[in-house]
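Each of the next two complexes has subunit A plus one more chain, namely subunit B in the first and subunit C in the second.
Take a look at the complex of A and B:
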């Protein structure tokens, strides 16, 4: 295992080193010590490596991740795994705002709670939150799955496109054009797979599914109040 | 006197309720939706035409037109980037999306810009092979919607432009109507085909200048500090917005005035929000100077640049370069009179056609219709753009030499006078025939 002391060696050195890892690197396991809430840790990775951050992180940890598995042994600041394309990001603690924002693929697991705007504009990423999520989550979410084992805050799925939202607990309110939908067998399968991969102790049948009513897809003056 | 012989007043059209306003009232009443269109502000506002160069005489001597060198090169991104962008001419092609524009149109922009030695820019919807393949220097826009945002493309870019605002719609997002969401556009944007696609007005994962600083840090980390990071702002509050962009770590500030175009947004936005380009330059330059960053952080001005005179005037006011969008589209064939009969079928006319969002562009530029886009020959259109860029450069050089400068960057406000009080106040150059402008201390 390779150990990188972020405090001693700096952020640019860490990211450049991780960027230099190829598909066939032998240095596949990395540990980052002394993160101390730094921003932009392990961003833009594109290799099948494992990176464990030994502590909490600032903004945009694991941003735009491809292929890598990144684990934060602490909590993550705003925008964790933003625009992730593939790979896996696991947050042992809580995540701040915009977790998984605009993500195109991969799996983001948050073992604690996620703050507001979790999964905003998500475009194919899968997000599993063991705890609760804040308001305006999945705003304008386009594709992918957001699984919430706890409760969801206000305006869930506002202006939603084709993303699927699954919530086990309560939903404080649904956003514009977001409705509850039937949980069909194919959704149970999706949930089962995601919960297994996220290590979440929950039964798929306990969830409700929410999606777009598709009433705002094309402008209609009678829906003007919803815009 | 019979009634027939009584003199009558002639019918008078209201200056308030004009024919255009009345037509819009009727259209709004019939449809229930605001007017959406492309382009920039069409209203008359103080502009570069309201400025004149003084030229040289006894107090300054000119350079010989065809013998003495007048450099036009510019480096963008010298503040932090390992690899600043080096351009032969200070006229870049502004961000225009694939989706709003057809693939052949994007290719033409790339070809023309490359032949002229300048950069082109992606837009909302991501990077296409057409533009990367044909652009020697490509700026990758990082937009609020993040449609098509892809780190592989980010790493292929020669610079990143974080779009905070656009002159046509400061504080607003775009609207690409369903007619233009073809299979390819839908796939690139991860959206269902045929829906009205809204673009967000602000970024999903940051708000405010402190966050912007961290976002810039992230993008620098992802690209290992290799390429410049621009911040594009609308002409809203140019002094403060430029100040904050600099403090956030921008290598380049791109400032877009209200004449700057858009693919599609509300007409009320285009015409009633934001400031004229002319009014934005001096406050932005002042911000750079106050922070000791003029010429260290480069300023690119856009919004209504049409001629070499406009280029020279923007640079004399302190810009390092300019950017063109609408003019480039015209150069590659947009609103060409040869399509007049087809523009009329669409209820428009040459020069006025702005329903770019509807996807029916007879010129094949603002469309995703396979038959219409065949009308754009990217090689020929690229050549025309190259020619136009060269002409603008020659014009700007002609003026600079006449003012005694051997580099376009040596143009200065002292080379200018203003024809109107408004232009004098905005550009902070003397009203013609005086040594005074409104707001000048001591007067």
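Take a look at the complex of A and C:
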């Protein structure tokens, strides 16, 4: 295992070192010590390596990730795994606002709670939150799955496109054009797989599914007066 | 952007370190606000004693002899402690209002930063480290304090535009964000007779809280009504004689992290600001909820 002391050796060195790893690297396991809430830790990786951050992180940890598995043994600041393409990001603690924003692929697991705007504009990423999520989550979400084992805050799925939202607990309010939908067998399968991969102890049948009513994103002549 | 730090001590043994801990937190927030910095520190409360912290652009001429001249005018004992451009004047608490009005003629141009029995506010333009050094904040002790690093958006980079803002006796406000209805609210408050000195948005927020409290609201009630009447983005941290409070607007895009242990409650715009606090590894760390008023008291 390779260990990198962020406090002693600096952020630029860390990301350069991790970027230098390729698909054929034999240095596949990395540990980052002394993160102390620093920003942009393990950003832009593109190799099948495992990175464990031993503590809490600041803004934009694991952003733009491809292939790598990044685990934060603490909480993550705003924008964790923003624009992730593939790979897995696991946050042992809580995640701050806009976790997984604009993510195209991969799996983001938050073992604690996520705050506001979780999965905003998500484009194919799967997000599993063991706890609760804050307001305006999945705003304008286009594709992918957001699974919440706890409760959701205000305006869930406002202006939603085709992402699927699954919430086990209560939803404080639904955003514009977001409605509850039937949980069909294919959704149970999706949930089963995601809950299993995220290590979440919840039954797929306990969830409710929410999706787009598709009234907002196509022009409707009856609404012309509203413009 | 702006950075906020706050530390409320539960453990008296940490009080001598308050200034040093806050200085470290403040300097960590330099890249959120490199143009000015300020700190409100609550210290040395003694029954019957009042404090006025004042600032002058010309401290060499403003402060010599000020204590004796003020003492004579007030017919009461006055002490002065000069720290760079600021000075803390102490006298009997019932004399402070009178002292404040005498100062307007005795030293026109002197600005009152804070008034109360415990609060002292120090703020200036410059990098947070330089500001902290100028006032020797690391040497200060106290029960709680709030600091701010400013990246100006709504008004000029000046001492008056720096935070914290005084909102009343022993009360202060710091702000991260920008208020969008501050011009109309300023006009309304001026019509109500509230004095507002600058074009700064946060000063309007501070004046709003002061006005609410003058009309009978408690600080908690004033903060709750600010959620209705202030438009824009804000994370506010307020200080009082024996506590501090936190409130974020309902959108809550301005960051905030809190940590609590048996020894303290701490606030930081980012977790980075808290990492050197004693026992942070085992602290309860969380993000304050939007549109929720939090308060801690001694």
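General observations
Please note the rule applied: the second predicted complex is superposed on the first by the 220 of 227 C-alpha atoms of A that agree within 3 Å, B and C clash if a C-alpha of one lies under 4 Å from a C-alpha of the other, contacts with A are read in each partner's own complex, and residues count from 1 in each chain.
We take it that contacts are C-beta pairs under 8 Å (C-beta built on N, C-alpha and C of every residue); 3 or more make two chains touch, one makes a residue touch a chain.
All values derive from a computational prediction rather than experimental measurement.
In the superposed model, A:37 lies in contact with subunit C only, and not with subunit B. By the touch criterion defined above, A:58 lies against subunit B and subunit C together after alignment on the C-alpha atoms of chain A. Set against each other, subunit B and subunit C differ in how many residues of subunit A they touch, and the higher count belongs to B. Once the two complexes are laid over each other on the shared chain, residue contacts for A:8 go to neither subunit B nor subunit C.
In the superposition on chain A, contact of A:96 is made with subunit C only, not with subunit B. With both structures placed on the common chain, the touch criterion links A:78 to subunit B and to subunit C. Looking at the shared chain after the overlay, A:162 reaches subunit B, while subunit C stays out of its contact range.
Shared interface residues of subunit A, touching subunit B in one complex and subunit C in the other, are 58-59, 78, 97.
Only residues 11-12, 15-16, 19, 39-40, 43-44, 46, 58-60, 63-64, 66, 78-79, 82-83, 85, 97-98, 101-102, 104, 117, 120-121, 123-124, 139-140, 142-143, 159, 161-162, 217-219, 221, 224 of subunit A touch subunit B when the two sit together in their complex. By the touch criterion stated above, subunit A contacts subunit C in their complex at residues 36-38, 56, 58-59, 75, 77-78, 93-94, 96-97, 115-116, 134-135.
Residue ranges on subunit B touching subunit A, taken from their complex, read 31-33, 145-146, 149-152, 154-155, 178, 189-192, 194-196, 198, 200, 204-206, 211, 214-215, 217-218, 221-225.
Contact residues on subunit C toward subunit A in their complex (touch as defined above): 250-253, 255, 257, 270-275, 285-287, 289-290.
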